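Handing you this structure, nothing more for now.
Chain naming follows the written order as A, B, C and D, and within any one chain the residues start at number 1.
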Amino acid sequence: MSEKNKLMSLTDAVKKFVHDGDLISLGGFSATLCPMATVHEIIRQKIKHLHIAACSNGQAVDELIGGGCVERIEIAYGGNGRFAPTCLHFRKAIEQGSLKVEDYSNYQMTLRFMAGAMGVPFLPTYSSLGTDIVNKWGFGEEYRAQDERLPLKKLVIKDNPFNRTDKIDKLVLVPALQPDVTIIHAQKADALGNVSLKGLVYSDLEQVKASKNVIVTCEEIVETDELRCNPEYNQIISFQVSAVVEVPWGAYPTAVPSYYDYDPAFLLHFYPKVAKDSIEWQKYLDEYIVGVKDRQEFLQLIGTERLDSLRADAVCGYNPELKRR
Amino acid sequence: MSEKNKLMSLTDAVKKFVHDGDLISLGGFSATLCPMATVHEIIRQKIKHLHIAACSNGQAVDELIGGGCVERIEIAYGGNGRFAPTCLHFRKAIEQGSLKVEDYSNYQMTLRFMAGAMGVPFLPTYSSLGTDIVNKWGFGEEYRAQDERLPLKKLVIKDNPFNRTDKIDKLVLVPALQPDVTIIHAQKADALGNVSLKGLVYSDLEQVKASKNVIVTCEEIVETDELRCNPEYNQIISFQVSAVVEVPWGAYPTAVPSYYDYDPAFLLHFYPKVAKDSIEWQKYLDEYIVGVKDRQEFLQLIGTERLDSLRADAVCGYNPELKRR
Amino acid sequence: MSEYTLQEMMAIVAAREVQKAGVDVILCGTGISTLAAVAAKKITTPDVVIFFETGAIDVEFNQMPMSLSDPRVMHGAVRLAGLAEAFALIQNQITGKKTLGILGAAQIDIYGNLNSTVIGDYFNPKVRFSGSGGACDIGSVVGQSMAFMELGKRKFVDKLDYLTTPGYLDGPGAREKVGLIGGGPQLVITNKATFRFDDLTKKMYLDSYYPGFTPEAIQEEINFAIDLSRAVEAVPPTGHELEILRTQCDPERMVLK
Amino acid sequence: MSEYTLQEMMAIVAAREVQKAGVDVILCGTGISTLAAVAAKKITTPDVVIFFETGAIDVEFNQMPMSLSDPRVMHGAVRLAGLAEAFALIQNQITGKKTLGILGAAQIDIYGNLNSTVIGDYFNPKVRFSGSGGACDIGSVVGQSMAFMELGKRKFVDKLDYLTTPGYLDGPGAREKVGLIGGGPQLVITNKATFRFDDLTKKMYLDSYYPGFTPEAIQEEINFAIDLSRAVEAVPPTGHELEILRTQCDPERMVLK
């Protein structure tokens, strides 16, 4: 077996690569490809004071906040599509003042990861000129000055040095993010950390490339030779990845294109009920996350029948028969 | 048929979208995916004073220069791999002073197209600090000032405004390129301009997205529904493309992965001979380019047997039996 | 005349506007926004490309998506890109000018600026919403945009609690002055009326009111005074439009109520 | 002892250096550079990832490529990216530090700076070469690099006609002062000797000379004075190394002469 084998248990991966106070970036988008198994493991290991960076992650961010792991967040969208126009714990924590938030747009967060991935300190955009994203800083200058891990400025506005007209040409420079660890869930990976994602990839690739460490959970471990047959379908390379863990149903209750659909019963009916009530929420944490040993036990609580009902059609990649209301 | 059908003859596509003095960007890299059919058509139509922008295009750039179409060029690498460490007309034209050249690196040219594609006036990099790429400008400040189509500066060096250490942190900002027309050759496209490239794509996508107009020649026109089966294999979208032309063997003598290999007999033996001798070169132009009506007639001169010998193996995408010396 | 719901009216108004706008691409969100895009494609502008900021481009739906990342936007798309490419496509003015963005928000002001971030003080909010998502990006750079809003005094406000997405900011020349490159909003579609923006003042005016409503009743639901003088009664959906909307655009009735 | 060519010696020296460097990735060009990378993978460091600036990553060759864009680098690769991603991978110091770049040039100076652009005046050149390609990028940002050069007074020059690719510029601290982020060259491999750079002065010194050559003869082929005091005779290729090089790395003899 190669020295570069990165297979390990999820418990070990989180122990090794996620620490109190880390800057964590979460892959996936609203209710698809959220790295839920890893999120639950982080809650189970009682990791605290996390600094989260994400574009539009829904379910993963919300459970992590509800699990008491998050101190501050930089994000573009704390919602879950039509399942939750605003994520419930996200909303409650900000309204109560227990979560510090810095607002960017989706493109800006993507550019920040992209700058990190490219190894440059910033990238330029025209987005947000004249808005409160420029004017109001969730992390004030003083707060930033005191914390070396934050850029001194939320963003900077600069003139285009190539402008040869008398028209105004200003750009918003957004600062790079290089997270301590990025956590994603994928369809397939090999033991070395080569990863194949199918369907939309959101900003997962920029997040992975920007990060010091990367934990990949996946539906299936495959041989490297299988991946070599279709290099166009592989996006992440072994030397960008720190840990690989096979976790079937690892994104449940969110969707994994070609494997399973999201679970509307969970997202539309069960979750809002428990997330709105602190007693119910504590029960959920105790029973479904902290009270189980691992993902396998969690899935047993969900039940095979329920999981089976979500399996994706081989052609369209979701379950066209799914009851979605 | 859709209003958005972009199929036309190569003659019409070049007439409509390529004009004297245009800024043209050429897809492909050294001896692969060079848009040779379109290059020949440009020479045939005697289009002059072109301003070329490319990363590492080999054969296409060199024939275009040899054809007398090019006035100035911004480029990273004027070579053709082991076929021609330096392209012959490229070298001769610069040494004779008949071609103005501005040198960048491959990453810088890519970033310039990427900036154009992103719609921002520049992108930052650490590349070239302290080198003559920074210090020596092929297009001087005065020359630039006189031509509105050029950025006033080759590049600009700026401090990182997010730097919170006392370490020096300077970046090279390279100016965006938005070519009048980008010319690429692809494996497959549909009539609307959706394009599927297989194998490496170099900077073709950034070049396409940065451009006001795009001419795509391809080996095969396919139905849109075929492209919809594998969206991960499609890179260019209809609304980014101006003209689509089916031109089998359109990149010959350069390679098209999965279709045919490069032609070593042409590139290693025939071309250097004719390119080094001005009488031979004129004969080549007369006989193979200006003297033929279209691509079909050119291919007849090359001969079916020779073309057949280049056909790619279905699995590896090239011809493993090819005589390459 | 056919019976129709106000939601159906909104979708049809949007579909007609897409045709008028002459764009090649619709960049849309979920819910009524996706429904409007599909209605445009099925009814008024069959060649239009439906595009999501997640990177799904030229999507052909079999089922309505629950989010921008729903696998239902992936199957049958021509291209699956990522966010970086999706937003670059609209920031790039060559393609951005061919694109119409569809927006929505919690609050709108007279210049078409939108708030989808907070109610109350940003640093101590009464209600926290999801935040910009891609809305600020779209409003900043896209060639033109329209917004779906519910009418009401808490929605059409004098001053936004937070300016998430730029419309015309504080009036004529303001976008140019701060350096914004996109085209700004063209149309606001509500459940009772539509609004456009005056060429000179960039202020919202009543463009049309739906059958059964009056300009004066519309003004009652808006927290700032608007010009009612140009308003006409909107043309209700035709039977043909309704037929396609109901049977081909959302047969599962995921959005249509 | 086995018979071997100087070209074989160069490839083997490089393969050994890759192991010493402890890198995960080799970023290479064509010709001797690809051969060296393949030799490293087959002989010294089987886990190393071979990577081309065109974006072919973790390539497993069946045949030697004629250029960085040869379809032979695509088949069997783990990933096919583009130039933008390829260069970002090395500019990003998280992955850039894991990478060893292999370079080549027409001229080199005592600080390991390279010229692959012109001989003579840039604005009126005697000889024009291809230009940087990705060399300047690699030299600017990659964690460490090595260069293949032919020895000779026209190649090892006192002053470059054009500084295409940064080595240590004009000496200690110079890279930091201009803001370069990568690690600079570690080794120069020629047809007769290898050179390294002094930790303090950043000047090139003779590291080893191949059997059959002397330090003094090497100095004769260099246009500037170098430190010969640390030179040792290089260990020639073993029979095992040569066997693998000839039979597994380039059986078609596309590069090996």
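By our rule, a contact is a pair of C-beta atoms (placed from the backbone, for glycine too) under 8 Å apart; a residue touches a chain by one contact, two chains touch by 3 or more.
Predicted model only: the values in this text are computed from it and were never measured.
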Rounded to the nearest Å, the gap separating the Cα centres of chain C and chain D is 56
Could you state the distance in Å from the CA-based centre of chain B to that of chain D? 28
Chain centre separation (chain A, chain B; CA means) in Å: 38
Could you list the positions in chain B whose residues touch two or more of the other chains? 119-120, 125-126, 169, 171, 232
Specify, in ascending order, the residues of chain C that touch 2 or more different other chains. 74, 76, 80, 91, 141, 181
What graph shape do the protein chains here make by touch: line, ring, star, complete or other? other
Every chain pair in contact, whichever chains are involved: A-B, A-C, A-D, B-C, B-D
Residues of chain B touching chain C in their complex? 2-4, 116-120, 178, 194, 209-212, 224, 227-228, 231-232, 234-240
Complex contacts: residues of chain A adjacent to chain C: 28-33, 55-56, 58, 75-83, 85-87, 90-91, 94-95, 97, 103-108, 110-111, 114, 125-133, 135-136, 138, 167-171, 199-206, 255, 257-258, 261-262, 264, 312, 315-318, 320, 324-325
Quick one: which bits of chain C touch chain B in the complex? Just the residue numbers, please. 24-25, 46-47, 49, 57-58, 60, 74, 76-80, 88-89, 91-96, 98, 141, 181
Please output the residues of chain C touching chain A within their complex, sorted ascending. 30-31, 53-56, 62-63, 65-76, 80-84, 87, 91, 117, 122-137, 140-141, 162-166, 169, 174-182, 252, 254
Within their complex, state which residues of chain A touch chain B. 119-126, 148, 151-153, 156, 158, 160-164, 169, 171, 173, 175-176, 198, 232-233
